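One chain, chain A, appears in both complexes that follow, with chain B as partner in the first and chain C in the second.
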Partner chain A sequence: MTFDYDGWIILIGVLVAIACAIPGTWLVVRGMGMMGDAISHAVLPGIALGFLISGTRDGGWMFAGAAVAGIIAAVLTQVVHRWGRVERGAAMGLVFTSFFSLGLLLIVQTADTVDLDPNCVLYGAIELAPLDVVGLWGIEVPRIVIPLVIVGLINAVVVVVLYKELLISSFDPGLSASQGFNTKWIHYGVMVLTAATCVACFEAVGSIITVALLVAPPATALLLSRRMVSVMTLAVVIGSAAAVLGHFSAITVPGWFLGSGVDTSSAGMMAVLAGLLFLAGVVFAPERGIIFRRLAARKDAKRVAVEDALGLLFRLEERGVRADLHAVEGLLRSDVRIGPSQMSVVLARLRRRALAESSDGEWKLTDKGRSEAGGLVRAHRLWETYLAGRSSIPTSHLHEAAERLEHVTDQAMAEALGKEVEHAERDPHGRSIPPA
Partner chain B sequence: MLATINFFDVLFLGEWNTRVVVLGAAMLGLAGGVVGTFLVLRKRALLGDTVSHAMLPGVVGAFLVMQAMGGGGKSLLGLFVGAALAGILAAWAVPALRRSTGLKDDAIMGVVLGSGFGLGIAMLGIAQGLPGGNQAGLESFIYGRTASMIQADAIAIGVTAAATLLIAIIFAKEFRLLCFDESFGRAIGRREGLLDLGLMFLAVVITVVGLQAVGLILVIALLIIPAASARFWTDSFTSMAALAGGIGAVGCWIGASISALAPKLPAGSIIVLTLALMFIVSMVCGVKRGAVRRVVRAARLKVRTGRQHLLRAAAESMELSGEDYWTFDNVLQARGWSPRNLRSIHHRAARSGEVVPIGSGRYRFSDCGYEASEQVLRNHRLWELFLIRHADIAASHVDRDADLVEHVLGADLVAELEQALERGDETPSSPHPIGHTL
Partner chain C sequence: MPLPHQPTSLPPGDEHDLSAALSIHDLTVAYDRRPVLWDVDLDVPTGCLAAIVGPNGAGKSTLIKACLDLMPRVSGEVRMFGSPWRAVRQRVAYVPQRETVDWDFPVSVLDVVAMGTYGRLGWLRPVGKAQKCAAMEALERVELTELAHRQISQLSGGQQQRVFLARALVQNADLYLMDEPFASVDAATEQAIVAVLRSLREAGATVVVVHHDLQTVAEYFEHVILLNMRVVATGSIASAMTAKNLRATYGGRLTLLEQAATALGQLAKDR
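Then we have the complex of A and B:
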């Protein structure tokens, strides 16, 4: 059985996404998202030295050199950060640019003896990967698949074994230390996993694309869920989707503009797709997405406006003032600050929910409306009474504070408030507090 | 021999051809150092990295657009404009995405950097398939190629860098406020978001003009390394900025000179490695925060506290025993010091004439030693009494707390303590049983 060319590229992309998703998730929740970028630059001298020593492009030397360089860079960053008291971001930037320079220099210096292109490290050669095959149990598979599978398996095993430690040290370093886990070693462990993953992925997709697949899918997943197991799972799914869609768009998208037959870097498009999926998450994610939050905010604003209108009618009735249709609209505009576009919506909702009705040119609360409005006004005045006694808010400003709080006060809280103010019957302004 | 002559020729601008290029690079280093000072102090170092990576699609996009308009796509100015637009977009996107997602900065930066660069690579793949795409030297923006800079480029770089430097100096006060006291700045009406954007704009300009010299991966080094190095030498903001500018200029000068001699070597790498060397020297030797300085200071503090611990432990041991000498073993039990450590402290005190060994592990004070020990003991007990009375610390716990502070008590503070406690200048007795303190 053999996959054809595109199938292998997609499979390699998916394997990269899977291998990256696990360490990437932990990097992102630990606030080390840029560490992938730093490590991916820093491994260059290790790779160059690996070539220098072995003189070939394959074999363990390159892998070992890269891993060692990545770890040294991680330790050096820590040293510069701790000893030099340089801010972590600056320390990272400092170390990785120096390492990358060194690597570039080594590669150029040895260009005569070793055939190595820094571009290879930077943006990989996924298009060539399916051509470089090895036999495995009688099947020809691309050589690059083997390290990707191994790294993916190692990542999975480490996460299963050390899940609790990772979780605690990421979210509560204090507790982690008190439980006897060595936070420092866990930190370096994450680094080593990241370095190994990056190195395995470089040959396939290049270093900077690895950064995208390391960070973007977990960041997208965090927009969808906050449970670490599902975040990791989602990151795998999202990363794989980016790999698949990325390859297809690399083949097809350039053709839309330049005629058929033109294609571009699959690795680059995979990174672009990872970014686009993140943007889609930012816009469409339930709960945390922009659209959802806008809608929720709008719904909330409408509810508050309706409640305010209800409160106004209650207060007018309380004072025995006739709730003239025009006068009410004027008051809603000036006191409650309901905009012209919202006005009809709010009034219509009052009618539709049978909270108030208009007849003979005036508004009248229904029984249902009166009891609901009573609850609101009660909450408002309870808050005023409570704040007058317990806070240093001057009496003239109590209204504003209570105005905000009344909309988030439920039955139980109103009861508790009532108890707190010893069932006072009048608020600080001398108005009676409606009974529950 | 020939090479040496060449080197000095280049370094000291003897050769007209390289003079402009080297000066342009030095100007870039100077401006980068100053702008970088703000960036590092504002903790935005990696944002600069994100911005520079995200410039690749801008460069390639500008090339494609110019190609489509029939301009040939080689205009440097056009490429710079594309890079700057992409950079500003990235600098704006990071805080915008942070606000709308609630994710941490580093994650957002990783996403923007990775997918931005990926987009650049994908576009580069298309551009290189076009006629003329390979000759445009677009890839030189990734690694930089100072050697291939022509005079006009170098002059353009120098002038732009100088202009950036001027803007940075004019707005230095505002940016400084942004770095050190954001909320005060807000209170006096400085627009934090606008200033941040302005700072990022300066960084973008430096990055754009640095693209050709060092390439987009390494350009961030021009901003970070000089500023981080300068921090080791001074605590003053102005001298830090000036020093960072100087370090950047010298680093770029030397780096550009070397790469002018060896055009095969990647210029960006040489410049960055020169800067890295200057950072290492600064980190080790810097007079304010350098490693040597800190090690010396820590060692001195250790010697001073060791002496004071000995003086007090010996005095208390004598107070307990009523003798006019103390034994090594008694004092050894007074605190958690190792025998070796205690022995060396005794030696040092004997050398300075404060302690006189009288044989068989016994020691006594000389006159000056006695006086010194009285003073140390007094400071300790005054501080203990002060803590008990004014800080509500229990008598049984006060020894430890006093121990931490007594070494830094100055004469003024002691006088103030005496006043606060209404004590004369006699040594108060210990408020807790002395001897074994845990």
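Then we have the complex of A and C:
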């Protein structure tokens, strides 16, 4: 492994990721991720025709052909949807597969006479890219780097200059049009950018894998951030990480199973890594990730259980019943439905937070615990009173509703409730509502 | 509800008031060749709060959208302050229905409100300090200052509606077209919105609102448009909100007109 070779492959991968991240982010937030897929396939006949006309792989012909094919496909999708009375996704599927097959036929038919390999079109030839160099200011760089840098720069400039227009038309097309920003033109603008990006990338990673780098990094970034600018930045970082890790995996992972010296497609591995990073995002992302949500749910459940235990102790005290240690555990199990695994945690927390203490075989609320429990019971009974007056929930079911609501009632809400029920002193069951 | 002396008659087609904030002449709109609005003809006088009222599917939202060229018209003409919409675009603010946008979109409350300044900025000019300040002021008017930097998915329905209202306020328009700004908001938000609408009227603006609560029409508005595919009646609350007109608007949902429209749509499909 040398920089000359592997370094260039990684650099090309990173350039692809950067170029894809920007249009990809907008496609995803506009709910048009599928359109990226469609465009990357639909540009194929344009690329093929451009290549046939010009006879070379570099040059504006392929770009022009691809952009035109992309636009035609986008318009045709709309036409098929409107006139064929098919749902938009199906229309897209129809148009882009037809275009793709047409492009494939063109390439296969002419493969004997011209130097355009169908495999390269599908999967890219990133491994060969560093070998095809051109001189640039005295340095030899892979030829493919040039279009990638150009497209990346164009994407960056467009998004900086037209950020506001992209934002408004993506978020609220109606408002956008009513303020004079033609949503249709912006839509086709995004399509053209995507098409140009696909052409620049297809030689490196092929038309299929481009889709992965177009959609997966922005989708991952959206799990991590909720600000447009940081989503785009993160998409660039995540895409680049997929490119770097992808290449290393391609040259190392197959060796683990098949013996040293075996490697696999770097482009394919980059797409796999993009997918794995997304999966990691789904699992580990703060706030939106599965683990975080589980932990948050567990934390909530624990808080609710502790509050319920407090409420129970308060009610026992209110009725003058001795809170025998065993009896309380029994009630917590049967009435509050605290599971055996949770029981010791809940009781330990009552002690640790000095809300209640156990002595002489019975539980006693501390002053702090009594005031907190009083607030909860107050919220509970205020809700029962409020609901009884204002809804058709039968009195026997009021308790269940209030049981849930008491845990989400803060000071301000309790105050408003108190006002709503005209500072009632008794709930519908005739029990006194503890003062605030 | 004041009872009628006699039903209001529609203004004759050619005699539109040139000073009207919004005047619609013989507007017909079709969706898939099926007419949804027929020969709508009305004036909304400048400086009033007007409600568009009618049953579901009456074409209330469509009417607003057609005024703003968001839906193609089959025929008819719309003028705002005597000019076509495009000529007075910056004097007109539009509040779409809350459900039409994705509230999970990665933007902050301030970002959304600042969108109201885009029209005046025009193409390519970026949002600057002045626009952000204007957005903050609008947020203050709807009492949402402390939520300015929240992500919009963390808002309640009423707060979302207020964000939309703030975004319209920032446009500083003379004519506001609002699609169901009172839909599923709590009583406090409703009062806050009404207060803002009244302050707009005091400043001389005209507000046209798609409204779904018949009980509050007379309290909030002074002008009403009763709509059910066509204008049943329009005018001041006293003259247009009559029992007879309301029956004509809401009663007998499947009117002859609607049957005819369905048949027409079918005809177009078969052809």
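The working rule: the second predicted complex is superposed on the first by the 433 of 436 C-alpha atoms of A that agree within 3 Å, B and C clash if a C-alpha of one lies under 4 Å from a C-alpha of the other, contacts with A are read in each partner's own complex, and residues count from 1 in each chain.
Note that a residue touches a chain if its C-beta (ideal position, glycine included) is under 8 Å from a C-beta of that chain, and two chains touch if they have at least 3 such contacts.
Computed from a prediction, not measured in an experiment: that's the story for all the values here.
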item: Fit or clash between chain C and chain B when superposed on chain A; value: clash
item: First, second, both or neither for A:Ser178, with chain B first and chain C second; value: second
item: Which superposed partner A:Gly33 touches (first chain B, second chain C, both, neither); value: first
item: First, second, both or neither for A:Ser170, with chain B first and chain C second; value: second
item: Comparison of chain B and chain C by chain A residues contacted; value: B
item: Contacts of A:Leu105 with chain B and chain C, given as first, second, both or neither; value: first
item: Contacts of A:Val161 with chain B and chain C, given as first, second, both or neither; value: second
item: Touched partner set for A:Ile290, first chain B, second chain C, both or neither; value: first
item: Partner chain(s) touched by A:Leu222 [first = chain B, second = chain C, both, neither]; value: both
item: Stretch of chain C penetrating chain B in the combined three-chain arrangement, among 6-14, 78-86 or 114-122; value: 6-14
item: Chain A positions touched by chain B in one structure and by chain C in the second; value: 31, 222
item: Partner chain A, residues of chain B touching it in the complex; value: 40, 43-46, 48-49, 53, 97, 100-104, 106-126, 129, 139, 142-143, 217-218, 220-221, 224-225, 227-228, 231-232, 264-266, 268-270, 272-273, 276, 279, 283, 289, 291
item: Residue ranges of chain C touching chain A (in the complex, touch as defined); value: 65, 68-70, 86, 89, 92-94, 96, 100-102, 105-108, 111-112, 115, 118-119, 121-127, 151, 153, 167, 171
item: Residues of chain A that touch chain B when the two form their complex; value: 28, 31-37, 41, 80, 83-87, 89-94, 97-98, 100-102, 104-105, 108-109, 118-119, 122-123, 206, 208-216, 218-219, 222-223, 250, 254, 257-258, 262-265, 267-272, 274-276, 278, 282, 288, 290
item: Contact set on chain A toward chain C in their complex; value: 29, 31, 161-165, 167-168, 170-172, 174-175, 177-181, 222, 225-228, 231
